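Residue numbering begins at 1 within each chain, and the chains themselves are lettered A, B and C in the order written.
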Amino acid sequence: MTLEIAEGKSPILAIYSAEHRRLMEMLHPAGHQEYSEMLASLGVFLEEEILPISPKLDTGEVKIAGPRKKLMHQGICQIPFPREYGGLGLPFSVYASAIEMLGTADASICLSVEIHNAVAEGLNRFASVNQKGKYLPSLLSGKSLASFTLTEPASGSDAGSMATVAEKKGGEYSLNGSKMFITNAGEADLYLVFAKTRRGPSCFIVEAPNRGLTFGEDLKKLGMKGSRTSEVILSDCRVPEENLVGEEGKGADYAKEILHGARIIVAAMNVGIAQIAYEKSLGYSQDRKAFGKPIAEFQLIREKIANMKTEISAGRLLYLYASKIKEAGGDFASEASQAKVFATEMSLRVCDEAIQIHGGYGYTTDELHRHWRDARLLTIGEGTSEVLRMLIARREMARSQ
Amino acid sequence: MSVRLWAFSESEAAANDVAAVSSVLTSSAGGSYTVVGVDEAGAGLAGEDKIVLRGTEPLAGSPEATAEALARAAMDANPDVILVGSTRNGKEIAARVAVKLGLPCVSDIFGVSLSEGKLRGKRNIFAGKLIAEVAAPLPCVATVKLGVLSALPATPAKAVVRAAGDVKSKTRVAERREKQKGTVDLRAAKLIVSAGRGVKKKDDLAMIYDLATSLGGAVGCSRPLSSDMGWLPEEHHIGLTGVSVHPDLYLAVGISGQLQHVAGIKDSKIIAAVNSDRIAPIFEASDYGVVGDLYAVLPAIMKEIKARHH
Amino acid sequence: MKVAVCVKHAIDETELKIDSSGSPQLRGAASKMSTFDKNAVEEALRLKSVHTGEVAIFTVGTPEAKKTMKEALAMGADRGVLITADPMSMETSRTAELLAAALKNGGPYDLILCSEGSSDVYSGLVPPMLGEKLGLPYVGYVRKIEATGQTARLERALEDSIEVIEARFPLVASVVSEINEPRYPTLIQIMQAGKKPLQEVTPEALVPGLSPSPSLVTGMKAQAMARKKVVFEGAPDETAKKLLDALASEGVLPR
């Protein structure tokens, strides 16, 4: 059986909630009205166009390309980027909020979009003016799709040990190696590939199609099934030398910087996933009857509801906190890591509790347990919880010495 | 209070409905009603008095010209209430006449009565979630919801012709295409089997048709199947912006029960539903519901029906 | 081509809550642009893109209505005029009167569009009243509009027929929701909507010396939906049987 979403109207409350609106007001005393109008409007789009097809993205009945294109046309990729390249130039916390909402509507599209935006962020921070002018506008408008290509079969957290190499040959680089667990692989028009030159890890723009670029089969993932993830094989993959981003040997630093910001975004996404699992649980507990009354009347269920609610609020506050530090130009690496560790692990607790509340239906309904399946990736991807805890602790040790 | 009421309709379909409402109003409140029609068609209408409006050109099909003719006739006779059948053209005629005569106007009313110098009635609002009570001081214009009361039988009688004179229209009808009538008019159907988004493919509608045939009923649908996917012509679309039905049995298959759809089935005697979602809103709106996959339940129902016939 | 669109800011009927005594909770209820007004705005924008020109939005509304005006501006309309009054407090003909007076602003308009009816009360009376008050041709329930110079060809949908009407501009028309699929404003359009001109005008300024014309509504209450709400769960063979038994006992199955 499936839990259908009612025709045209989701059973959950508005995706841009009153609480979120209140938070935006606190964070942006001056501009919140404008931001809230925009987010509310985006919320309506997500409720009407993305949320209803979300279960079908999980089963494969609907392919991601169409809805993602519609969504990017709305401008979600423009929010934090400079106007001169077609961005909206809005605060990072507004972008993070939009990602939370997208996470609620569909986690797979959200993952695909935030990976794409991570590449845009990388170009925005580290690319030359020429490169930005050449690539950013079509990335921000959604005309082209990007893929962040760092992880390898044998190196994830330990990116410095990457085996993919880039050899200078005349006016070109030849890239050789393989990358693994790459989101948007096979679909993207632009790959931000990290490969080692003699000076160390470096960052390259690889446009597709490219004769030296091939892709593995779409990996069978536990969740996030709507998005495409696979191996990327670089075999004498030639790119002109002007496709080097920044300086040779600085690639690891660039990747680190990009990932700090991406961690806030992942935290936001998982708060969004927790949110929809929670909303469904709240509704179900009020409908489902046992022993003559809705299970929502029982204390142990109420405890779960209270915990889920509190944890989601905490997660939201953490990613917005990290966002505000980033907006102010401060060092937000620890806060971003805290937000990601907490929000991703929290989302698993909430989604697991949602399965419990739904009882047998929770275990047997794809549409419900997929929230846990979707959330499960993110204690691993974009910095494992273990590695990020090391970062947080290291910073604390340094501070206290 | 004794009222003089005009019961107008521009089409035969609406005429008897309006006459029925008028009859109810005047028998309880006292007074009389006059049936008003246009061109030749007015002749066979039910009612005590009859007026047929005629212009130099046919009025039927031109709500603008009809409204002008009706207003001119009303200016002489000063009826207390002008009732119009609530069709699309009827609402336009009523609105225009109200403006021409400077009278209050309400539309789509039912459960009408007269008291304390006002015409009172009920209207569905907020997609049928609420009922509004309205009261228009006399004299007034109102359009009445069709299909609420049983129509009065037509009684042939002599009609008085009111010449409307030269009535012009600012628009011209270049073409008129009668819609291909389906085999059944859903508004008259006593049993309807209706399909919603739970039906995955157009070909699967065959199951719905089979069930409807075995029950001797008609086929309807919710909006997505007609307007969005074009699986069924618009005439089958039941809902707020589609057709309102009042069968003895309405069976909703794979329909979630969104407000816009329920608004069109509220007057059904019995509503039944088949839906795989336990918490689909349709179960709140039905008398009997089956939670299950329609692809399994419908064949089971068909099997059961066959068994009962033997 | 200059197009004016009359819209309404309405309580969202899908979000409207009823309390335990059956009374609707209107105060503080969620509100939105009336559902089918979006189709009217979309049609205006389509005509603007084909014929170049301007789209102006008019509404009778409380300050909350600015949200709807901004939404229309975000979709692509050029400016808006808000007549500050609560449309639910007045008779329908007064709404039409105020709109007619406001339409002198920035006119003359080639086309004045409305929806087939507002999503809250769905009276469908304002558009023909507007045509009558302005002395302009009026065509209702339009599902297709073609404009060639000064002539319009409009396809209208009646219960049993489709009519193709020819008329000369300027004219008033109401459109049905089947006419188009309204666009979503992009985020950038939403951000920029606030910069487009939005004028506010009082009824007294439009039509001095107006006498009161209160709404004819005397009360509102929830529909009593006294359905049995019996639900059968289990294997299809069992539930099919139970359903047919129940329907037979209700007497609604054919013999």
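Worth pointing out:
FYI, a contact is a pair of C-beta atoms (placed from the backbone, for glycine too) under 8 Å apart; a residue touches a chain by one contact, two chains touch by 3 or more.
This structure is a prediction, so every number in the text was calculated from the model and none was measured.
Innermost chain of the displayed assembly, by C-alpha centre distance to the whole-protein C-alpha centre, is C.
Chain pair with the highest count of contacting C-beta pairs: B-C.
Note: centroid distance chain B to chain C, computed from Cα atoms, is 20 Å.
Centre-to-centre spacing of chain A and chain B amounts to 51 Å, using the average Cα coordinate of each chain. Centre-to-centre, using mean CA coordinates, chain A is 38 Å away from chain C. In chain C, the residues that reach two or more other chains under the touch definition are 14. Within chain B, the positions touching two or more other chains are listed as 258, 278, 292-293. Residue positions 9 of chain A each touch two or more of the other chains. On the side of chain A, the complex with chain B involves touching residues 1-4, 6-9, 11, 283-284, 287, 361. Within the complex, the chain B residues that touch chain C are 13, 61, 63-64, 67, 87-89, 91-92, 94-96, 98-100, 104-108, 120, 123-136, 170-179, 181, 191, 215-216, 227, 234, 240-241, 248-249, 258-259, 266, 269-272, 278, 283-293, 296-297, 299-301, 303-305, 308. Interface residues of chain C facing chain A in the complex, by the touch rule stated above, are 14, 30, 67, 70-71, 74, 184-188, 190-191, 194.
Within the complex formed with chain A, the chain B residues making contact are 196-198, 222, 224, 255-258, 260-261, 275-281, 292-293. Chain contact summary for the complex, chain C toward chain B: residues 11, 13-14, 16, 18, 24, 36, 91-93, 96, 116, 119-125, 127-129, 131-133, 136-141, 153, 157-168, 171, 176-178, 216-223, 225, 227-233, 236-237, 239-244, 246-247, 250-254.
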